[in-house]
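Two complexes follow with subunit A in common, the first pairing it with subunit B and the second with subunit C.
So, the complex of A and B:
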């Protein structure tokens, strides 16, 4: 019974892992990069050099709106956090008489340089935000489909994690074991070590990832409790009441007072979002929502001020324990509360998870290759897995390198430039995928890994040629962000080059005929 | 930052003790298996240090934030010990020189 149980768990682990492994690899890697979303965006907008406080950014945004959109009936300002980035402002134009006010979210917006309060100069890019959104919204397909696909993969991942703990029974006995150059055994070691070391992170991130979209995946409790989706969301995310304009003009409140009040109320947390209704009118209101930079809960608290006197009109109600739990779980997933050290620890956990998936995928082929009737001529299923492994494990990182290179190389004035940066990623990824299918497996691996290493090595070089913020400048001026980014690109390049060298020198093991049948097989 | 480093060092010590408590690694590092009571003490010491690291994390940065830092630190500390263990022969050769 015990053996049968473990074997069925092994089967489940193998096939759930394989079925969605390529998706999971891509989701994990892009999600891991999202821990440095703002830093990536700053690297991808090298023209913006100064980081200011959100208070200065808010004042600048307000000045821009006052000058450029004085007639608008509503202003919304999305502020950068302590880690920098641009300010996004939106407005709702004054409607014609008798018509309702409507905002065009695509048109009625501008991205401002937080430090100058002017339209952000330089390149049009989505920066780190694209990689962050890609890890759950994917691209080129409707968002809702993407979230269902990602949710399905996450459920499979959770299944693979739990069955994996049951199956790889020696993960704790072999905790410190990592033996190189032993074929399948080495891949199993690498899979076990990356999994067991990053286990707390992997379990947490998969479970909380599902929680972030729980009401999409499990809408039935809303119906069962007699609520509609509208009333459910209204209760979960309460919105400040609206107030009619009076017809009298009045000066808008000083933001310094708003920042001071909210800082005291929220124990030092900053403001992430400001929403002004009827600015410049005696009936104006201003609602501030807290940034998730001081506590694990990710959902912000809101305070509504009278837009003229600064008097507090409304505060968002205290959350119930369920909503608080959800908010903490989502916060734990996104890690927005984390300081620099913890952010790096999150990043390392993410890389551990990514390595676990990659080594698991390779282990599947490594384990089965020896059992093939003719390893030189594998069957179609084996070939497909092998080629998809090259296409995803090397192709997607190569795509990311191209995404960074495109950011530096595409002409600045190009139409739809930000879109083309993204298209470049997919074109490169597709090219590696096709290359992997076209070449014999070993050569496909070596060539793809070498190209990928070369692309990552090119990133700091191209950065130094195309911007004044090259590696030497960063060293001299102590620009830690650019130094870390360029350094990480070099490290990644070395990693891929090392892998290419290892594969190139690899000599296939001779088929083992004895031993294997005596011991219970380890799963792949 | 200082407390992070201290938590990390405690975790590093913990995994070093846990490694030394395993007979397979005792053979490799010390050339002989250690007596069972000693192994058990090493294991207890390892888990004790992990617990101490968690307490330090909790009392310095708060138990919510500290627990997450601790989870990250145990992962990195374990990786460092694994890396040292892989390079055991090279390291022992260097030390004997």
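So, the complex of A and C:
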């Protein structure tokens, strides 16, 4: 019975993993890049060189709003954190008499350079934000569908993880086992090592990923409790009360005071979001919400100030233990609290998870190739898996390299430039996918891997040619961010080149040899 | 080898009294996939709903907190159910293992709602 249980779990591990493996690979890789979302954005906006504190950014945004939208009935400012990036402002135009104030979220907004407080100069790009959004909203399809697809993949991932642990008898003993050049056995070792090293991270990230969108996936507990979605959200994320404007104009408060007060209240945490209602009026209010840079909890605390006197009018209530748990789980997933070292650990964990998925997908083919009646002419299912492996494991990274290259190469004044950067990613990915299908499997791997290596190697070169912030400049000026980015591109290129060489030199194992090794016990 | 559904889901071959063993096994996989999807989500939803209704009623937990407890734990339940569906020795056991908890959770939830 115990053996049968393990066997059925091995079966489930194999097929859940395979079914969603390609999606998971893409989700994991883009999600991993999101730990450096702001750094990627800064690399992709090389014209913006100065990082300012959120306090300076807020003052600049306020100045812009005062000058350009003095009549607006509400101002909202999304501030960058310590890691830089633009500041986004939104406003609600003053309505015509007798009408309600309405904001057009697409139109009534501008992205400002945090340091200058002017419209962001230079190239139009979504930067790291696109890769971050892609890992749960995908692209070209409605976000709700995308989130359900990603949620389905996540629950499959969780199933594959648990069944993988059950299946794997000697999980920690095998951890020290990495046998090279042994075909299927080596792929299994690589799959195990990446899985065990990153296991706590992988389990955490998958479960907390589901938690970030829990109320979408699992709305039934809300209904069962007798709450409506509105009352549930109102209870969980309380909003400051509104105050009617008076007839009198009055000067808006100085933000320095707001920053000083909140810093004390929040044990040093910064402000992520400022919301002004009726600015310039005697009845104005200003609500500040904390940034998740000091605590694992990701949901912010809010304080509402009188917009003229600076007196505190309202403070968001203390969270219950369940809401705190949710907030910490989402915080663990997003890692916004992490400093530089922990951020790199997050990144390495993410890469480990990505490798685990990739090696698992390759293992599926490696394990079955020798059992094919004629390995030279595999059946259609085998072919499909093999080609999709090339198309995703190499195609998506190649697409990311093209995304970075497009950022440097597309004309600056081009219309819909940011969109075309994104289209470039998918065009390149699609091209590799088609190429993989068109070529014999081994050739397809070698060619795709080589091209991918070349593309990543090109990124620092093209950067040096098209911007004044090339590798030499970064070395001389000690630009850690550009150095790390360019360095990581070179490392990735080396990794893909190494893989290409390995595959090119690979000689398929003789059938007889494999049969002999079968006498040893073999974990699934 | 354990990756062929013919071996793992051998008991499902009973399905194949009328059709070939190969197709019987495939039907077994299909039935289990369907049961895992519907049963996994359904039982997880019932669990979440019951926990949410029960905790706010008997434990004095704030309602939004009770909702969250149900919501956040439901994903673990979903995975357990999926594993059960594929671990059960035959389809009859599998179906019973889904129906009994589903009915128990459902009745408890109904009682809670009816007496509220």
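Here is the rule we use: the second predicted complex is superposed on the first by the 511 of 524 C-alpha atoms of A that agree within 3 Å, B and C clash if a C-alpha of one lies under 4 Å from a C-alpha of the other, contacts with A are read in each partner's own complex, and residues count from 1 in each chain.
Definition applied: a residue touches a chain if its C-beta (ideal position, glycine included) is under 8 Å from a C-beta of that chain, and two chains touch if they have at least 3 such contacts.
Only a predicted model underlies this, so the values are computations on that prediction, with no experimental measurement involved.
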Subunit A as common anchor, with subunit B and subunit C clashing or fitting: fit
Partner chain(s) touched by A:200 [first = subunit B, second = subunit C, both, neither]: first
Apex subunit A: angle to the C-alpha centres of subunit B and subunit C, given in degrees as a multiple of 10: 80
Which superposed partner A:332 touches (first subunit B, second subunit C, both, neither): first
Partner chain(s) touched by A:345 [first = subunit B, second = subunit C, both, neither]: first
Dominant toucher of subunit A (residue count), subunit B or subunit C: C
First (subunit B), second (subunit C), both or neither touched by A:163: second
Partner chain(s) touched by A:498 [first = subunit B, second = subunit C, both, neither]: neither
Touched partner set for A:145, first subunit B, second subunit C, both or neither: neither
CA minimum distance (subunit B, subunit C), superposed complexes, angstrom: 20
Subunit A-facing residues of subunit C, complex: 1-3, 5, 7-9, 40, 44-46, 48-53, 56, 61-72, 74-76, 78-79, 82-83, 86-87, 89, 109, 113, 116
Contact set on subunit A toward subunit B in their complex: 175-176, 178, 180, 193, 196-198, 200-201, 204, 296, 332, 337-338, 341-342, 345-346, 348-349, 352
List of subunit A residues in touch with subunit C within their complex: 4-5, 7-12, 14, 155, 158-159, 162-163, 207, 210-211, 214-215, 217-218, 220-227, 232, 235-236, 320-323, 325-326, 329, 367, 371, 524
Touching residues (chain side subunit B, partner subunit A) in the complex: 1, 4, 15, 18-19, 22, 25, 64-65, 68-69, 71-76, 78-79, 81-82, 85-86
